[in-house]
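Chain lettering (A, B, C, D, E and F) follows the sequence in which the chains are written, and residue indices restart at 1 in each chain.
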Amino acid sequence: MLTHFNKDGRAKMVDISNKDKTVRLAIARSSIQMSNQVYDAIRNQKIKKGDVLSVAQVAGIMAAKQTSSLIPMCHPIPISGVNITFQWNELTEAEAIELVIRAEVKTVGSTGVEMEALTAASISALTIYDMCKAVDKSMVIGSTYLLEKSGGKNGDYKRNG
Amino acid sequence: MLTHFNKDGRAKMVDISNKDKTVRLAIARSSIQMSNQVYDAIRNQKIKKGDVLSVAQVAGIMAAKQTSSLIPMCHPIPISGVNITFQWNELTEAEAIELVIRAEVKTVGSTGVEMEALTAASISALTIYDMCKAVDKSMVIGSTYLLEKSGGKNGDYKRNG
Amino acid sequence: MLTHFNKDGRAKMVDISNKDKTVRLAIARSSIQMSNQVYDAIRNQKIKKGDVLSVAQVAGIMAAKQTSSLIPMCHPIPISGVNITFQWNELTEAEAIELVIRAEVKTVGSTGVEMEALTAASISALTIYDMCKAVDKSMVIGSTYLLEKSGGKNGDYKRNG
Amino acid sequence: MLTHFNKDGRAKMVDISNKDKTVRLAIARSSIQMSNQVYDAIRNQKIKKGDVLSVAQVAGIMAAKQTSSLIPMCHPIPISGVNITFQWNELTEAEAIELVIRAEVKTVGSTGVEMEALTAASISALTIYDMCKAVDKSMVIGSTYLLEKSGGKNGDYKRNG
Amino acid sequence: MLTHFNKDGRAKMVDISNKDKTVRLAIARSSIQMSNQVYDAIRNQKIKKGDVLSVAQVAGIMAAKQTSSLIPMCHPIPISGVNITFQWNELTEAEAIELVIRAEVKTVGSTGVEMEALTAASISALTIYDMCKAVDKSMVIGSTYLLEKSGGKNGDYKRNG
Amino acid sequence: MLTHFNKDGRAKMVDISNKDKTVRLAIARSSIQMSNQVYDAIRNQKIKKGDVLSVAQVAGIMAAKQTSSLIPMCHPIPISGVNITFQWNELTEAEAIELVIRAEVKTVGSTGVEMEALTAASISALTIYDMCKAVDKSMVIGSTYLLEKSGGKNGDYKRNG
């Protein structure tokens, strides 16, 4: 059922040489939850010209391009576009703030870019952790998942809810 | 308050040239939630010699070594050891299974290895997603956070609960 | 006669912009010879769940994707599949065991993937050496060569014998 | 006016999925100015078989392949050819020598290879600095710019003068 | 006289195993000249939250960490700090604007970080070119050189003028 | 007996944080066998200024620095020197020529550099194959092994014969 295994039962990179090149899109989402103190530090720094989110976003875009070096069975794919956006949510129950990261990746290729979108979102979240960990090490990177994908013969996917 | 900014308010890699080299440890945790169908696929493949977790673990260890190439303000650190372990949990309410990934990284260096441990755990989780996504694209990478760190003059950290 | 040189006699990356994209396959072979003691260690570890060959195989697949970063005049090629398999041979005269590594690489591209297959096989062999060198440093990586290639207008190649 | 920004005003990798693949060429130029002493060292070494320029040229070709890992918003492009050539000029006024580096890059792709050519030229120049800096640290890497580009629907470019 | 050659006259990575680890600093400088039109585009974008210089600076810091992968005979050095700053100059004669990039790198190591500083400055300049080339391809990356270095037994260096 | 496995029987990067930093040396050897026709092409090109061996040597030195990115359980080691040398042997029985590649790597570190030396030798051999394969695809990369190592508490190693 798992496609990444050869007849000896060992992992392989699946052969996609017979698949057509089509425009493919994937959108993934990650998040990071932080205290109000960290939130204030990020917002204040930004007003003073520095910008944690700008660094995180560059990191995410560059990571999308490294996906096939990081994920062993992932095909190298010439990405044709990446866009990362951010949204702040208040988490009233916990008196915390959540930053939602949305990474959208496009390609014209023989396989999808789900892993590129997920990797971009994850590395953006990790970069925010890195730049704020001197303030608070207890930040949590929240759920990371695929929001949607399109392109390719296996049909489109859109997450419920 | 954020240390990664220079006097112009732009991001910098913080100078650690005056910090002592000490033994430092960090342990991070990630997880991935999957349906029973994916769980069965992983377990069956393993019995047939293939092993999704083995690939994920190699990916995590290799990613730990790439951390400073991925996280922009992260210092290059000569890692002296990485150990990744897995634990399966049943999530009864959702009729799903959770795989918990624990990444432990050590170094003798001038700064901590929190980012290396978090990156190792994240990339392990992403690798499992990659190898099982043909079965189910709705898997969710769960909370990713630091469990503990030790070494360095800023004191040790251990997560509550 | 050598094509990798410009009119000043210096190395260049040959221009392939006018070559057609076709399905191309290359299969390479390497091997590593080891004592019975190392062989037993690998086999025992495997029974205990660990698996040297699994790590070597992931390393080979990942190395195939790095080929153009390693071999200076090699074109970057979007690999469309990699499969690495292993076979144990007894070498009766030397009371040693030989592990043969076979790496098969496919692409749809303008140039062949011989170097990708050879690099995958070589790095797999080196990984086995690395993981077993604490037991025996005298292991020898044996002959490494191209078994066959197909695709492209220069005709197919199949090694004799 | 700048195309590398999304609607939130943050940097993105521009979507090129709708652009046609055409043959594209870019030629860039850099230079390095050095004292007669450094010049003599390079020339003498070459006669003795060593060759600073040969190392610089390999570095430039390999750097062209890393361009999209170095320049954050640059698309990964499968380069189809790179040729780097050198020319020595005497700078009579300064009693110095200038080495001009010319890097020509080709691809069949959806976007141009200006950055690949500029990166190849720059890294070649930096490599020469590295290999000669023990003799003289005051060498200057001179102006680096695009000489020409062709291919793509935005028209060709050729530098004046 | 050139130290990077072995007794056969071929390039080598010089042995520094007997050199002491000391704090070392290097500061390099590059620049990019642009039309008023490009200058206005950069400044306007920044007001709208986007920031070309922020991306260039992240690129420079990340490139400093890749120096030994780019410059063949360069030793891998665990960088302990990088700071990149910018300064705008009006070039009245040409009705152009020059952006000066200053990269400061520190390490505790056995060899200097001149190449890391020069690489950081060069890649920052190239990133600015990349993000503005849709407006004007005739931008010129100006002189790139070492401003100063300190640390190590060969004495400090400070550029005249 | 194999040290690269954790208590679950899975691969890990062995912890070396308690090992002393000492000067360590490793020397490895590879070779490539070629027809007289290939040999003549290499020699002629060299006379015309191009130099296959020079490219192979740069590739080997750069690969030594990538070893820990290629070999999964290998520790990142700051290499302090690499020297690659070549020797031509006539193989009279086969009317072929063998090029022997010898790679010597030094470090001051907590673990040895055997893998760096073996990787440097292997990638040098693969580079020669790449640059000559248009002339003859049947070249064979010969035995690759460790010649000697020194430094570290486990004692020195010198290959017999």
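The criterion applied here is as follows: contacts are C-beta pairs under 8 Å (C-beta built on N, C-alpha and C of every residue); 3 or more make two chains touch, one makes a residue touch a chain.
Small disclaimer: the values here were computed from a predicted structure and weren't measured.
Set side by side, the interfaces D-F and B-E show unequal numbers of C-beta pairs in contact, with more at B-E. With respect to chain A, maximal separation of chain centres occurs for F (centres as means of Cα atoms).
Using the mean of the Cα atoms as each chain's centre, the chain most removed from chain D is B. When the CA atoms of chain B are superposed on those of chain C, the rotation angle is 180 degrees to the nearest 5. Taking each chain's centre as the average of its CA atoms, chain E and chain F sit 32 Å apart. We define each chain's centre as the mean of its Cα atoms; on that basis chain A and chain E are separated by 30 Å. If you average the CA atoms of chain A and of chain F, the two centres end up 37 Å from each other. Residues of chain A found to touch two or more other chains are 8, 10-11, 51, 54-55, 58-59, 62, 66, 69, 72-73, 78. Under the contact rule defined at the top, the touching pairs of chains are A-B, A-C, A-D, A-E, B-C, B-E, B-F, C-D, C-F, D-E, D-F, E-F. Looking at the complex, you find that chain D touches chain E at residues 1-5, 8-11, 30, 41-42, 44-45, 48-52, 54-55, 58-59, 62-63, 66, 69-74, 114-115, 118-119, 122-123, 125-127, 129-135, 137-146, 149, 157, 159. Chain contact summary for the complex, chain A toward chain E: residues 51, 54-55, 58-59, 62. Within the complex formed with chain D, the chain C residues making contact are 6, 8, 10-18, 68-69, 72-73, 75-78, 109-110. On the chain D side of its complex with chain C, the touching residues are 23, 53-54, 57-58, 61-62, 64-66, 78-86, 106-108.
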